[in-house]
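So that you can tell them apart, the chains are marked A, B, C and D in the order they are listed, and the count of residues begins at 1 in each.
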Amino acid sequence: MTRILITGGTVIGPSGATANDVLVDGETIAALYAPGQGAGVAVDRTIEASRKYVIPGGIDVHTHMELPFGGTFASDTFETGTVAAAHGGTTTILDFAVQRSGEVVQDGLAAWHAKADGNCAIDYGFHMILGDINEDSLKAMDYLVDNEGITSFKLFMAYPGVFYSDDVQILRAMQRASDNGAVIMMHAENGIAIDVLVQQALARGETDPKYHGLTRPSVLEGEATNRAIVLAGVAGNCPLYIVHMSASEALEAVAEARHEGRNVFAETCPQYLYLTLEETLAKPGFEGAKWVCSPPIRSPHDEHHHQADLWRGLRMNDIAIVSTDHCPFCMKDQKELGIGDFSKIPNGMGGVEHRMELLYQGVVNGEISLARWVETCSTTPARMFGMYPKKGIIAPGSDADVVVWDPTKQTHIGINGKHHMNMDHSSWEGYVIDGKVDTVLSRGTVVIERDTYVGRKGWGRFVRRGLCQYLV
Amino acid sequence: MTRILITGGTVIGPSGATANDVLVDGETIAALYAPGQGAGVAVDRTIEASRKYVIPGGIDVHTHMELPFGGTFASDTFETGTVAAAHGGTTTILDFAVQRSGEVVQDGLAAWHAKADGNCAIDYGFHMILGDINEDSLKAMDYLVDNEGITSFKLFMAYPGVFYSDDVQILRAMQRASDNGAVIMMHAENGIAIDVLVQQALARGETDPKYHGLTRPSVLEGEATNRAIVLAGVAGNCPLYIVHMSASEALEAVAEARHEGRNVFAETCPQYLYLTLEETLAKPGFEGAKWVCSPPIRSPHDEHHHQADLWRGLRMNDIAIVSTDHCPFCMKDQKELGIGDFSKIPNGMGGVEHRMELLYQGVVNGEISLARWVETCSTTPARMFGMYPKKGIIAPGSDADVVVWDPTKQTHIGINGKHHMNMDHSSWEGYVIDGKVDTVLSRGTVVIERDTYVGRKGWGRFVRRGLCQYLV
Amino acid sequence: MTRILITGGTVIGPSGATANDVLVDGETIAALYAPGQGAGVAVDRTIEASRKYVIPGGIDVHTHMELPFGGTFASDTFETGTVAAAHGGTTTILDFAVQRSGEVVQDGLAAWHAKADGNCAIDYGFHMILGDINEDSLKAMDYLVDNEGITSFKLFMAYPGVFYSDDVQILRAMQRASDNGAVIMMHAENGIAIDVLVQQALARGETDPKYHGLTRPSVLEGEATNRAIVLAGVAGNCPLYIVHMSASEALEAVAEARHEGRNVFAETCPQYLYLTLEETLAKPGFEGAKWVCSPPIRSPHDEHHHQADLWRGLRMNDIAIVSTDHCPFCMKDQKELGIGDFSKIPNGMGGVEHRMELLYQGVVNGEISLARWVETCSTTPARMFGMYPKKGIIAPGSDADVVVWDPTKQTHIGINGKHHMNMDHSSWEGYVIDGKVDTVLSRGTVVIERDTYVGRKGWGRFVRRGLCQYLV
Amino acid sequence: MTRILITGGTVIGPSGATANDVLVDGETIAALYAPGQGAGVAVDRTIEASRKYVIPGGIDVHTHMELPFGGTFASDTFETGTVAAAHGGTTTILDFAVQRSGEVVQDGLAAWHAKADGNCAIDYGFHMILGDINEDSLKAMDYLVDNEGITSFKLFMAYPGVFYSDDVQILRAMQRASDNGAVIMMHAENGIAIDVLVQQALARGETDPKYHGLTRPSVLEGEATNRAIVLAGVAGNCPLYIVHMSASEALEAVAEARHEGRNVFAETCPQYLYLTLEETLAKPGFEGAKWVCSPPIRSPHDEHHHQADLWRGLRMNDIAIVSTDHCPFCMKDQKELGIGDFSKIPNGMGGVEHRMELLYQGVVNGEISLARWVETCSTTPARMFGMYPKKGIIAPGSDADVVVWDPTKQTHIGINGKHHMNMDHSSWEGYVIDGKVDTVLSRGTVVIERDTYVGRKGWGRFVRRGLCQYLV
């Protein structure tokens, strides 16, 4: 087994920085040393990390590789997507296996295993999207929790006719989760009401991408979030995790529930922290389609200051995690399905590669601390989804998923810069970010160095997860 | 230098547990190992910690050794008090040096150094109580921050005529703290209004200890907390730390400020988490005097559920820290000064020895997690008061302040049980607690083992602190 | 035309009391006089009202005479129900005409006119329940507002498969109301989730009436109320009126919306202000069926203090109106349909006769003022539903709907006392109330005196209503 | 006695409009008639009010005629001030008698009676400012309530060294008010903290009038308001009335207390509803001095939208009353005392003449309804301060204080327009307002007609007031 010593760096953990050398032995971390204390250790390789940060590899808990959606497929495979993730310092993804309506849950899971198995550059796990809620699927929930390392299940209050679950289904799934300990993940938008607004907009001839944003008002995200929280309470207080929060109203609902001591959590995504409707969806012509995702990117001219509120929520831990909701579609042949009808544009943005970079910019900008960067992008994801301390921390015994980060360099994002996702455009074209990935280890193996992917297809292993370790 | 390997234990940090061996070399931690990886290391001693928790030593940020107050002195010296602290798994205290009105600040500090120097069993630092706020004392604040390792200053909205500062003084001190980065610590009770109620109660012949509680309504703690928060905002948003929070109303004010993203923090104490007015202050005769402290122990029959709210606040991090406000007085000759007039009872309770134990009981009771126990009792105290990672974490390079905790044993608290404080009674007489201190190291030296203090007077060293590392 | 002088009384209006004589001339009030100033006026009759209150006749805006529901019909006809109302000092009711699904709205309205026309003892108007929301029914809304004096429309978030509207329908109706000025009245309970709980309870063999209450948790009333408020906002801020509020959570949602300046209003009913689940639904055997209504009567052992909160809401005008939701069913042959299955018990309680009495008891108990009694039971109902100043105030030009109230007498409620509703039991059996109806005039005609109905069938006239006059 | 019939008008009361003729007989209203019903009544004069509003005379509960303040005296005498008030449709003022520190309360009251007696054009009453709180002044409170028709007492949390009361004094006065039923009126600004900011600004050479505004941040008004509410609660829940509210933070505190059912009330003034710091205090040179009053006129660039919030609070009844805080000073010799030092500028603005006009503009602008205009400017003032139904309502038996208002005309405000106050400038110069005073009656006597004062000095009579009639 290869032994590597990462030396001279500043290890960043969720409570702060320590000057530690990190000994990697095979796939795991063998030891941490005070400076100099690891001097005589025999190693195969030394990675010099002076004036660099040494952080636990990023964990992106919300990706959709190869997702069939909107009449096409998300354009990243597990291979291309995980390579891109690795380039950006992410060493674990949690993707969403899908049970289609009418399908046996385990079959849906098997299909996703088949897609990922042998293809991933980094470790991966699955949440399960439940297309049906009935006796069979509820039993399958128990089975997956107990036997398959799948401990989180996603439901949708949006997308009627596609993934949508009504309150009967939501309540029943939550009741089961209250019993088996699973986390319920919720896409919280009132899709029923949104569809009325969408149809009315189209009937008025409002077909451009920007109407995607205008027909999904933030109050309807707040409403659904509140409803999910109430139903989770009625169901016996199952852990509830609101995915891709974009709206101040939703944040208020989560913050209030948390203030009451509830196990209610939220994630947001870089697009909601940085982008505005005006500079994305509302671009002239069809270009805005690149940024069509749900919930939509919000406007600073709303009643609420969504972006400032999300940053604040992230600081104060009302938002626990930053994920990407990586769900890339090319403009050509994919996004273009919605020319003349924004409701036909496949919903999704690619971003798995850039999350660590974009959030590090938040550190540089003074929005969050270094420790909070690591906590929201790695440590809490691991704890939330039952992978700690295997993942999410630089500690002896943990998987040697390690990123060496160089704060003195810059990263140019976009297809004209750093870009390894299978997309014909970038949502972040032209962004120049302070800081840069230097070296990435996945389970003790260097997979990225000198901007180059040096790992191998299939190195990534499925992570069987336990129950949430983040309950209050 | 002595080398010790603590082996087989479960290390608890603020984000969870890891199975790590801990190598201590001299005064600091030299390395952490995955199980087995430290097998061949040469050590002088091995501490077997299987089935035990290995935690960073407790940090009690609120003690008053030898405090002159109420016409007498707190009954623990720095020697007796720090020995007691060590017995309970606390390896650092932050005590309050006092500038009396009219005194040069540095002289007050020197007096406290004189009391502590050469006497402490464990490490210690000082906050500074400012009895005056004027040009001289404000300059002294800068000096202490820059040169003396004193970065936190306490003011009182209670005790008119003693420690009380009016809003002019508070505002000016806060303005200076906004500039020099110090934390303002606040005893937040409206002492002006309380004194009216006290005088009226005494005039009605209500002289028993319970009237101490009844004349300090929780809304007046809430009011003062709100006022302190507002003044800190006006002053330029200096970090504000509310000490010994006891009341739901105060918690609400802090939670609201935090929800707005403010650097407002709070601590509570075990007495507010466990005890009730009825079973303490309201005991027949004068016995209630044992529990006379300010703010007072609250009643469950209040409009608010203070205890449940404080536990909830502690879980959700609206309360960041648990300290003791250790300020012991004996009944004989001390508390007895207030027979016939509760307002003459010296205010204070002893508890420095029992904080880690009492909070571990919160873990057993399901109120908080193991990780949260360590975070609130050690890691956050270190971060809040500028001592991380020297203190507050088990990490290579950190001071080897380590407690081995045995969760399978029990601790009998009280003068008839474990009790090393210089008091003729215990505030917790008869409490039997799950879990027990097994071994305590202070800077690499075993100071407690087999229930016995094996350290030495003067081992404890003054900790020069930096600025708050817990700002959002 | 008959001229009546009501002399010597204290006229109570929404802002207080005045000593005024009231001259009735024909159907309307002709003049108000300062004491003595009407001395010489020629009248046919003088009603001596010294030491009595003279108030505008009560307006009950929520009744269901002859409602087909739960496989039977509400047991009061417009004749029996309005006679009972008159006995209790109510001189106007607003009943709910029903459009069944698939029916033409105007046909539903015509059917209700046919039931009421020629049968009522007092004046009456209609709200319209919309069973369908589609282009036809939306056009009908406009028509009814413009031409039929129907300016308020009720939807149900409860009762799936019966009256239930989904969010599509609710949003579309609210959009139309935002345009035409109508008030949307909402039965706000999440009936979808409730039905899950009901089926689960029945499956567990929990069939007694008390399970009706336990399967309708108050948070699901709060959730639906919040959702209705959000949808009304998305729809363009149509006036929203929450009917029969029973829960603190719902009150909080309304209060918050009102604090934001929204045109959101609420009513509650005497059963929610006075009765508890334990002393009604939970009575042994099947007796609890008498009090099966939705939302259910709440328990004082809930997390919230619903009753105290509702009284407070009523005082502070977060609750604007008290109605009865009068929907009586006899035990025999009606309530008994649900023996062995609480979900089969027809939902509803009778109370149209007792509202003024029960709320006057609130005055005696110190819960509300005399002025607030009149305001919530008469003046605001008239303003809310477009009938002011024809109804709701003692003023020259207004309909002479006048109640002389004797505060020195008592009223014994129940089938063994005052009871004129067509029910074989009373929900208020045995209540003895301070105060008593002395004389009731409907449009200038005495209809109740000496506890006797002296009016005539068909005297009551349909009231064509205008738009809401209570908007902020 | 003169008999006048006001015919054809629309009478506006707090719950809406009625078409009524008003018969005045001597000093009071004798009767109200439905149109035509008063046709044959013998009268001395008929006032034609077709297409006009007939409203109860305005009541300004906050004026300071001849107030000694800031080294000078408010420039309106009771004579000039009440004539100006009458011109603007105000028929009652409540002025503040002052007990200076060290003075016997009754002597202070006598001094104000001496100033007003025989000089007023309209009726007047007094609140009492208490300069001392001690046993004597507390006894005097009881005496004034019981014997002198003075039932409201004002304290100041601002103006240290002048009117300032500390929390001891406030608490004791509130305790007494809880017993004797008086209303405590509070100037709620933390004057202690403000004085620090003022001194610091002056020391920096910031002497212009705008710094008056910048040194009185709105959070310090919010803080004091919260403190007053808490103290009133501790004191036994005396009625608390916050005067001249200007800040969103203060409104939030009042709204929250009201939401909890507390008897906490607030007034605001036209200057806070319409003016901005930028267009007043911040005018170049010394002109801003015209608008120096406390609290200061706020900026729209504050964190809060104070103006919008105040209008909303007024609509929703979190603000109950609009007064003027009329306290005029001339620029020459008075305001000019503060040239070079804004803290020397006498605090106050004149406005008693324009309140009804300015608030009617709020009706025209859609901010409030006609009914709410009358309620906030006349009815609630009468109820709040124990004068109903003598004042505040058009009802038989009430004082014939009546204003005929012409909505078809306009009013030009300013010394170049309508202006009768003894000031050498107007705070509202150039404002053109929709609507115009047509005729004003004071106790049955026409005092204003055709823009001319036709009353007489000394007509105004002292109003002995009862306790607050607005408690919940």
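Here, contacts are C-beta pairs under 8 Å (C-beta built on N, C-alpha and C of every residue); 3 or more make two chains touch, one makes a residue touch a chain.
Everything numeric in this text was worked out from a predicted model, so none of it was measured.
Colleague: Which contact partners do subunit B and subunit D have in common?
Modeller: none
Colleague: Taking each chain's centre as the mean of its Cα atoms, which chain lies farthest from subunit B?
Modeller: Computed centres place C farthest from subunit B.
Colleague: Between subunit B and subunit C, tell me the centre distance in angstrom, where each centre is the average of that chain's C-alpha atoms.
Modeller: Computed value for the inter-centroid distance: 58 Å.
Colleague: Roughly how many whole angstrom separate the Cα centroids of subunit A and subunit C?
Modeller: That pair's centroid distance is 51 Å.
Colleague: Could you give the separation in Å between the centres of subunit C and subunit D, each centre being the mean of its C-alpha atoms?
Modeller: Spacing between the chain centres: roughly 39 Å.
Colleague: Classify the inter-chain contact topology: is it line, ring, star, complete, or other?
Modeller: The chain contacts form a single closed ring, each chain touching exactly two others.
Colleague: If I apply the definition of touch given earlier, which pairs of chains qualify?
Modeller: So, checking each combination of chains, I get A-B, A-C, B-D, C-D as the touching pairs.
Colleague: Hey, which residues of subunit C end up touching subunit D in the complex?
Modeller: Spelled out, the residues of subunit C in touch with subunit D are 13-21, 23, 25, 28-35, 37-38, 255, 258-261, 312, 315-318, 369, 375, 379, 383, 388-389, 392-393, 395-398, 469, 471-472.
Colleague: What residues of subunit A sit close enough to touch subunit C in their complex?
Modeller: 166-168, 171-172, 190, 192-193, 195-197, 217, 219-220, 222-223, 226-227, 230-231, 233-234
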